[in-house]
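Below you'll find the structures, each written out as structure tokens.
Paired with subunit B in one complex and with subunit C in the other, subunit A is shared by the two complexes that follow.
Coming up: the complex of A and B.
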């Protein structure tokens, strides 16, 4: 219980918010809007899982919004060219992994700081995409929306896809050797090296994985609408990092639990509708998101201080 | 103790010198290329134009330098510029304050916002990256909430717009402000104990603390300074464009950080210079302006800036990587322990 105190406290905040909403705005719980809202958050959840693992390894990736947009456009173009669904999915994930590998190679190979490397690749990819696409949307074939299913079952599929991925990753990061490597390298890279791990390869791997997850999230995003927006994913990195921090992942590496991230994604997703129902203007969303990040780090900071003294 | 430190500093000095020379060559190459390609690039008017457009990002880069020297980072400066521009317009138009008073209040707001970062980073010792990511969102969110995303402040009097659009003593007016801040920060970083403490903190925060430096106070001062100068940049931005909107300064933090890193300041702290940052700002500004004159697409500027940043980083990382392999070849040499 003590071990998961951080995650439980976020869960309690979420439950409190949900209770307030149940009293003040029962309309929040109408099934169809709720389902749509959850489906819209599915890509965020996938990306947040990836970024949490990157942060556990003591790195950061802020290029994910751009990778997300680029993969969405690539998948859309391939789909419009008539490629079958499975092939598009495979190629898109491969593209994402390759872009992640570029980040990873620069960070792990040349030992450059990940914040600056991914800042640079974020801009290069975003501007490159704008140059190529000039803001033009891509029309998807009809069979693509909701994987060709009805809206309702499509949304359920999306939610199941992302939550299942989360569950597998949460289990793997705790129980598989590969997952433990991330924590080991993030806690103390030198100790991990002395224990026989290769921190540089672990770092490279986590960036490749992050790229693949960003591509997967982009796929879960584009099937939700008839068109692909080349500007999608702007600010996604911020949302994902916010979810990871609120969920209890330490920026200093080696600490964090994906279930905490899951709760945090739900919490952040509830803030905006809560604002609407509580008659606060939606323009406050960004400010509140910032305040939530600050509160989470302040909470962690005070908690650590109490534990060390 | 003093000997290894001196030799280390000498090595770092040589590296810096090399880095800045390369940057100067890149800048000259840019200049000659765009001069050959664009017809109006080399004119005096265009040179003034480049200066005018780089003043705000230049100011942000200047105050980012001391922060990065300490091993920190401030992602919130662009958002703070937006918030300050909005509040400046609000104080003048809605609260009816005279412009000089509104400007003074804006600087005070910048100080308070920088103070928020300072308290969280220096006092509570939270990671600068996440704190300023939070305030990046917070400040921009306030700007959006105050204007409801649509309100724009315009119709400033000509006497104010002169600050951003006219000349004074032969140079664009805002360039004088920029030069004053540049000289001030250069002296602060390179000629005072304050600057030396920043480097010491960047090299080893714990060591600096044991050496009796006021680490907390120095860090706080660096972030507060960034807040005040971001507010100044907001006023100049408003004067140049003649309007203040909630999205003012979006993405400026990226250009500021790029200029600093391009200028040879290590993102890990401890090493760097203000003149390097000035060269970095110039390289980015000339690139942005030159591409327009060379009739290249607008997006090219961002892409090349990012590529330039990666190239500069890789170039600075290569000697370290090569040095790692050297002991293998000269295994007879005794390991030097500082």
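Coming up: the complex of A and C.
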């Protein structure tokens, strides 16, 4: 109970919000808009999972929005060139992993601070993409949208894809030796090294994985519309980090649970439509999101203080 | 005239460890008062009490004849107490003059800075102690002794009446030492009281007026240096009897497992180590802090690989390049600072125990809870760990039990050689004797144990053989039953007197 306190309290806030909506704005639960909203959040969930794992290792990756955009454009170009879907997926994930490996090599190999490294790659990739694409959208082949399924089945497929991935990662982070390495390195890298682990390789691996997940998220994003927007993913890193923080992942590493991140993604995703349905002016949207993040951090701060004194 | 500083019956405990038990200490104006004691005798704690870093549990402090309650670091500084640590605490990116100014100037944040005045004052203070240091130089460009001189200049500038020097000559050359001694004598002639901590007995005789010896958190005695000799001082320092809590070996040591010839590592300053480890034997490694014992352990565990000499394991020459290869060779290292380097406090006991054997316990990387749990429960039983269960976080255990978990992690690797670095540091007496029994049992089971300890009775009591390190190399080796006096003398670098 104590152990999952954070996950439960975020879940309770979410349930409360959903109950309020059920009473005040039953229209929120109409299936089609609800499905669309959830499908739109599928890429966020995937990226948030990745960044949560990066944070558990006591690193941060803010280049994910740019990686996301670049991977989307690459996938779109390949698709437009007539590559089959499976090949496009494979190559795109590989590109994402490679970009992640660059971050990881700089952070783990040269021991540079990850916030600076990924800030640099974020800008480089974003601006490089702008120079290359000049803002031009890429038209996808018809068979691409919703994987060629109906909108409804396509959206369900996306949601299933992302939630299944989350479930697998949540299980793996608890039940695979590799997952435990992330927590050990994030808690105390020096102790992990003295225990015979290789913190640098663990760090590299988590960045590679992050890149691959950003690519996967980009793929789940582009199939939702007929065109690929080269400016997509702007601000995605902040959204993902916010979800991880609200979900109980410690910025200081070593603590966090992917199910908490899942609940937090849902909570943050519900805030916007809730405001609309509750007739709160849209200007408040960001402020309220910020307040939720701040509350989460204050909650952590108070809990830590109680533990140490 | 009232003494500058008077401590009466000062007591200080950290948890179960009683660091100071009723210490009384006086510092007169114009006196150099040396403080001597083994590692862990309570010298640093005493200093921290005087500088206000640790509040005292009991007893009283008088400064300049005035009773002080609730001494804080700021208050101590205001009352004229300055401390010069072994590692100078300066701001490396600021200039010497700025560092001096930060200690001396009390201005509001919007107050203008008079740069010329700052430079001039720093220059004057440095000149007074005879140091040739450019006040405009960045501190990071200075050598360690130069930084110490800057610290002393700061202390002078604050008008300190009590100056504490913690092993100030540890990193100084002969010439710099003489300069420092001149500065100390100059301070004394100005009525300043100096508390001088050093392991070098010859310095104490050259410089000090009186000497106080601490042992086990108690003052063993204060004497004028004229009225005492080195042998008497060493006797006061070691004093204790080796008690019966140390279990003895029941069989002779077995075959040679590890042998080092001329091993050295230029990065850590360890050189020309010749050493042999036998199965079933506990080899103690004694010496003072900074003698290179931990550094030697780190060579053997591949943290700072050796770049000279030869390491032979069971007759074969090996190269230990990193911890992974050390583990593969059957070498285990339980590090000194278990909270920082040993047990991962946030993780469960079970995860801590299996940390070093993942690939063996979980082939194919699946974690198998049942196997992990069974193994952890075995260790909890065998080592007598007091814990709520295998899933309790490492941080919930007491110091002694954390140490047992750190030990369990390495025993799980089934090593041939076990290196223990200060295995009972900060552990209470009861847990100590359990750890001793465990170590002896491990040796009896055929492990070669290398035990580093600063606790002289412990290392004397546990070791079948004892090597003493000083200045990065082994200076003496003793069989079981060595005399504490001889060991201490070797660690201090005293020539053996003709008996």
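The rule is simple: the second predicted complex is superposed on the first by the 309 of 309 C-alpha atoms of A that agree within 3 Å, B and C clash if a C-alpha of one lies under 4 Å from a C-alpha of the other, contacts with A are read in each partner's own complex, and residues count from 1 in each chain.
In this section, a contact is a pair of C-beta atoms (placed from the backbone, for glycine too) under 8 Å apart; a residue touches a chain by one contact, two chains touch by 3 or more.
Since the structure is predicted, the reported quantities are computational estimates derived from the model, not experimental observations.
In the superposition on chain A, contact is made by A:190 with subunit C only, not with subunit B. In the overlay built on the shared chain, the residue A:198 is in contact with subunit C alone; subunit B does not reach it.
Of the two partner chains placed around the shared chain by superposition, neither subunit B nor subunit C is touched by A:23. For subunit A, the partner touching the most residues, choosing from subunit B and subunit C, is B. Judged by the touch definition given at the top, the superposed model places A:255 against subunit C, while subunit B stays out of reach.
In the superposition on chain A, contact of A:180 is made with subunit C only, not with subunit B.
Common to the subunit B and subunit C contact sets on subunit A is no residue at all.
Per the touch definition, subunit A reaches subunit B in the complex via residues 60, 106, 110-113, 115-117, 119-124, 126-128, 130-131, 238, 241-242, 245, 251-252, 281, 283-291, 293-294, 297-298, 300-302.
By the touch criterion stated above, subunit B contacts subunit A in their complex at residues 73, 120, 124-127, 129-131, 133-142, 144-145, 147-149, 254, 257-258, 261, 267-268, 297, 299-303, 305-307, 309-310, 313-314, 317-318, 320-321.
On the side of subunit C, the complex with subunit A involves touching residues 301, 303, 323-324, 326-327, 333, 335, 340-347, 351, 355-356, 358-359, 362, 365-367, 409. Note for the complex: subunit A touches subunit C at residues 174-178, 180-181, 183-184, 187-188, 190-198, 254-255.
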